[in-house]
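All chains are identified by letter, namely A, B, C, D, E and F, in their written order; residue positions are counted from 1 within each chain.
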């Protein structure tokens, strides 16, 4: 369903930004309040609940033993899936993932994969035959803007929280030792910062209200070394080259701050 | 290649909430209910009972875009029950399966009698139940939470529907079966009632019970509902105050 | 498609019931005429055609060799599937099973499974590896109310009619001996009776006309020992505790009568 | 683990209806047609030929809810051909496959020329063919039954379409191939005609035939259609009387 | 979407045909200009691009190793799939194949299979275990009528263009020798000619304009020996017996002409 | 049964277009663009770059039948990116996957800023990108071709969007990665710009780059876009003449 934002609200949000202000009084480079808990689902081998403002995502990580891909026989598999639950917003609908949900899954996956958050090679059990597959499921339960940053932050936290049974090969059989739980091997803590462009300004962590009036969106994934590992532009307007470079600089600082929230 | 699992801890989290844990035959698992836990939804609730964690949200009354469902003289109440992929021991594939389609249907029918639908012709009231973690009895937990979410949304109702199961495990008729008790048990009878009149809005049963055992189970479940009903009211009071 | 029943028909059916009568002259606890044939499909290993009044279902049982579920390695599998064919009623549509079809499948399955109609443990061929899977397909071709009772009665008859080839293990191979057909091992003959509540009355075996005006529906599955093995309430109205207990008592008597129709 | 099947009886039910069974090259399998076998449908028919058992039902003319299919100046005739999961040796998964989609299309086109669709603008006539048991030739059996169901529904028609196949098996051109003859045969030519004018409304062919063989097969199939046509008329007469 | 052809165009096309003429000046038994290239996709083991008038199909053949069907353990598998791309016509829609697409796939497949174009028995690698599966994908990119003849012509050309690595069994392993590419074994070059009936006339190779006014359609597949291997009638009108026999005769001549275009 | 592939030639067709082939770090693969290659579409284009072969087609502005997508004050531009099953080494199953859904979305967003959508309220402009053969960089090839198709369709535009990628492979920042360079490389940065103003309409990145490397890559890609932009204009000129 197309959600039409009244012109009057658009104008007031846009004018505020033009004057250097935001509706909730934040600075342009200021996140809303963030809460991050891990281990919230006992039945999930890893889990987290993240809130950025009123946006809330519950994330669970579950391992399965499966076959590696043919071209990477000694590498484990990470599968990221997002459900934009109809509970989370009046215009979210039940059914197979739509393009917004697919984009959120794929950008989250890209930031984690390219940021080499999980050491997937350590998830190989028998080369070419059996590897750990980690299913990362993002359950979006309340939507108030900036799903990207919440998704990556919560996913990294859930992965850091994940424990697997030790898998030993004994007499050509895989033995899973649930008395010996081992944390998922974590390499990096790549995180993401997202900017909305309203008028000619970039503001970080857009609220829903701000997303509804923004012209374009830029998400930047940064590793713990400060390198860029993922980017995604969205929206129907454009960015200048300078705006993009500026966003990258701010993202380096801001993801470093977000990183302190990790367990 | 054979996979062997040693010393599995699957289910150990749940054993603590079993009757092994000294619950009386007519005792509920530990529970809590909170109203108004989500921002976007018109009404919402969070419920924990034993190892179950359930969210419910309500949108509406609102315009119904699916013409063929529209009722000229009343609203339609549509309920969707869904389990998170991580809510169970073996990851559940996302999307509806036959079990969740059935539960969605009977949950809608369990809630419908309580709502003054005739006040909102041609519209819909949408109820979403999300099982975040499952440990036996999620449909009852979901219906109970959904009622609180309906109240939180200010939907006018005759009564707040409440659900609870009784059943038979280890040869005894008991209240509120845990996951282990359900799996190893002989019968499960989930019900929902409108507590003011005692009218039954949901009833299912599977297993094997004599007529007498069924009657005991029904009595137990109705009593369980009445206890839970008080916790529902407290959750609403807690959110909106007492007056 | 929502089927709107004219108010005048609703009233007349309801008033009749209030006066202790039904449109077709039956007593409240009286079934319509029932016909039950078995072996109607030569290519199906088991089959039945059941008619209750004008409601007609054709049921076929077909076995396949498959893998058992992980948590029940020595137990065969029963799969129940229902097609509410668009042939059967003007408002039935082609496509994947809707909620009514799913409920019918699952309640039928529940009555048969919990009633332990088939001795599934005898369907194990090689523990943990190969078991018989019985596919029970219900083809609803004419719909005039009370599908539940017809579905269970026809399914039990089809299962009783089913013959499997003997499966022997010879030199680590499964040999299916089609010269030696063995009846499916039957433990019980659980059957179901369904009641509609119209006004304050319970009537058994509701016709379509009665279903369209009923407030609620209650189906009760009873084993041959007279125990309850399945129940399902449907509809948007309620039952009192007394009504439910009364329905159970009547169902015990009525399913015993239905049982005489089985082959 | 290898599965070995001994002394299979698969297909033995069908062998009795094969040419092995002394049918002449131009002889149909045993058949029967009955009109008006279902209550809810506006028209219906049941047909057996050899081991085939087919039900057909008609609803309409009725309102067409799918806007983009609507024709301003005539009705649309939509036919759905479906096989029951238990109708074949190896259980068929429910739902349409490519074969049934194609047969539904050509069956619609086979029936359409006979119906006065222009009498019912903006509406639909829905024809459902259910194959209850299949033993070679279900599409022809289905079309033949559907025509009887259309007549039973009182749909005004130019003629009653009738279908039959001829083909080549064991090197000979023969009428009405059984399942075994079709599988082991060299060609199959299912056709449908309007018997009054002989116009052909369905024609398919697969296999390998010389031009002459094809001509023979076409002649045979047309003759087969004419015989079956009499049985269609008898079925209608049987239901509605003779006047 | 129903495409409504203006009455005036219908009439003018129909009247022309009645007078022995066609809108583009062709004779009734004359094809439009045909172009046929092979080897157009380097990554496909076989490929072709066929144009008949403005109708254009790109066809790729790709082999995979798979399991044979249970009842033909020593026979390879041919899978034909057609995409009527939304690019090709304003009324083609994205999504799963509709009935027109399915019919085109199945008739093409039938002509090739029954015409025994590919010697499928030579595609067996290990009897009952491994065979070559050939996936033939038809990508319809421009639609101006007569897809059938283009589909079969392009498919046969793509199959003739296909090369597979030699598959040897060495020490119970399948070794695919990509240094030794072998042409797909071709038995026959069955082709198809399609006729539209407009008024009482049969015209070959109907353009889109002619298809839109035709009453019925007849496609005839002919082997290189001049035998009939496939036929399909379409459309809501009828043919007489004589018309069909005439179409067969013409198709024998015309497919022989088309055959000269093959590589 | 294990399958062993010897002396595979997979990818050999692509190696010739790799930097192995002496391309400078800022050199594009060989390319060609042709406008107006399809008859039915309102506009179309064909593009080859390296081993990539891409078709683009445009229909519209035309009526939008999906109500809920309709915009009261402008047209909607909808882009569908699709890969032919035979376009890649291992056959791709037909139909959309998650990758093509994402690319369709970002391609729509890349083209939208250039089109005067406000001229066509309540309508749709449909852009279809078909990858006929893929060898690294198909999304950029597709967007570039789509712009030419939009121009060929006579859709009024601010500018002709053009797309190109830069990235890092073998430790060096380079322009226009081939399939092999992308697979074995460290980063890929596909962008699209409106060349007149330099505004960026598409930007994605995956891999690992320092801030400086990213800046270099961005500069390289913008330059690549400018070169390709000339070829787009030439293609249009070639079709419609110079005046």
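As a working rule, contacts are C-beta pairs under 8 Å (C-beta built on N, C-alpha and C of every residue); 3 or more make two chains touch, one makes a residue touch a chain.
Remember, it's a predicted structure, so these values are computed and weren't measured experimentally.
Chemist: By label order, what chains touch subunit A and subunit B together?
Modeler: none
Chemist: Going only through chains that touch each other, what is the minimum step count from subunit B to subunit C?
Modeler: Minimum step count, subunit B to subunit C: 1.
Chemist: Moving only from a chain to one it touches, give the least number of moves from subunit D to subunit F.
Modeler: Each step joins two touching chains, and the minimum needed here is 2.
Chemist: Could you give the separation in Å between the centres of subunit C and subunit F, each centre being the mean of its C-alpha atoms?
Modeler: 56
Chemist: If you average the CA atoms of subunit D and of subunit E, how far apart do the two points sit, in angstrom?
Modeler: Those two chain centres are 26 Å apart.
Chemist: Could you please state the distance in Å, as a whole number, between where the Cα atoms of subunit A are centred and where those of subunit C are centred?
Modeler: From the centre of subunit A to the centre of subunit C is 47 Å.
Chemist: What are the residue numbers in subunit A that touch two or more other chains?
Modeler: In subunit A, the residues touching two or more other chains are 1.
Chemist: For subunit D, jot down the residues that touch at least 2 other chains.
Modeler: Subunit D, residues with two or more chain partners: 65, 68.
Chemist: In graph terms, nodes being chains and edges touches, is this line, ring, star, complete or other?
Modeler: ring
Chemist: In what order do you meet the chains if you trace the ring from subunit D in the direction of subunit E?
Modeler: D, E, F, A, B, C
Chemist: Touching residues of subunit C toward subunit D in the complex: what are they?
Modeler: So the residues of subunit C touching subunit D come out as 1, 41-44, 47, 54, 56, 58-62, 64-65, 81, 83, 85-90, 94, 96, 126, 129-130, 135, 137, 139, 141-144, 165, 172-179.
Chemist: Help me check something: in the complex, which residues belonging to subunit B touch subunit A?
Modeler: 1-10, 13, 38-41, 44, 51, 53, 55, 57, 59, 62, 65, 80, 82, 84-89, 91, 94-96, 126, 128, 130, 132-135
Chemist: Enumerate the contact residues on subunit B facing subunit C in the complex.
Modeler: Within the complex, subunit B touches subunit C at residues 68-71, 98-99, 101-102, 104-106, 109, 112-113, 189, 194, 198-211, 214-215, 218, 222.
Chemist: Across the complex, what residues on subunit E touch subunit D?
Modeler: The contact residues of subunit E facing subunit D are 1-2, 97, 99-100, 102-103, 105-106, 110, 113-116, 218, 223, 226-241, 244-245, 248-249, 252.
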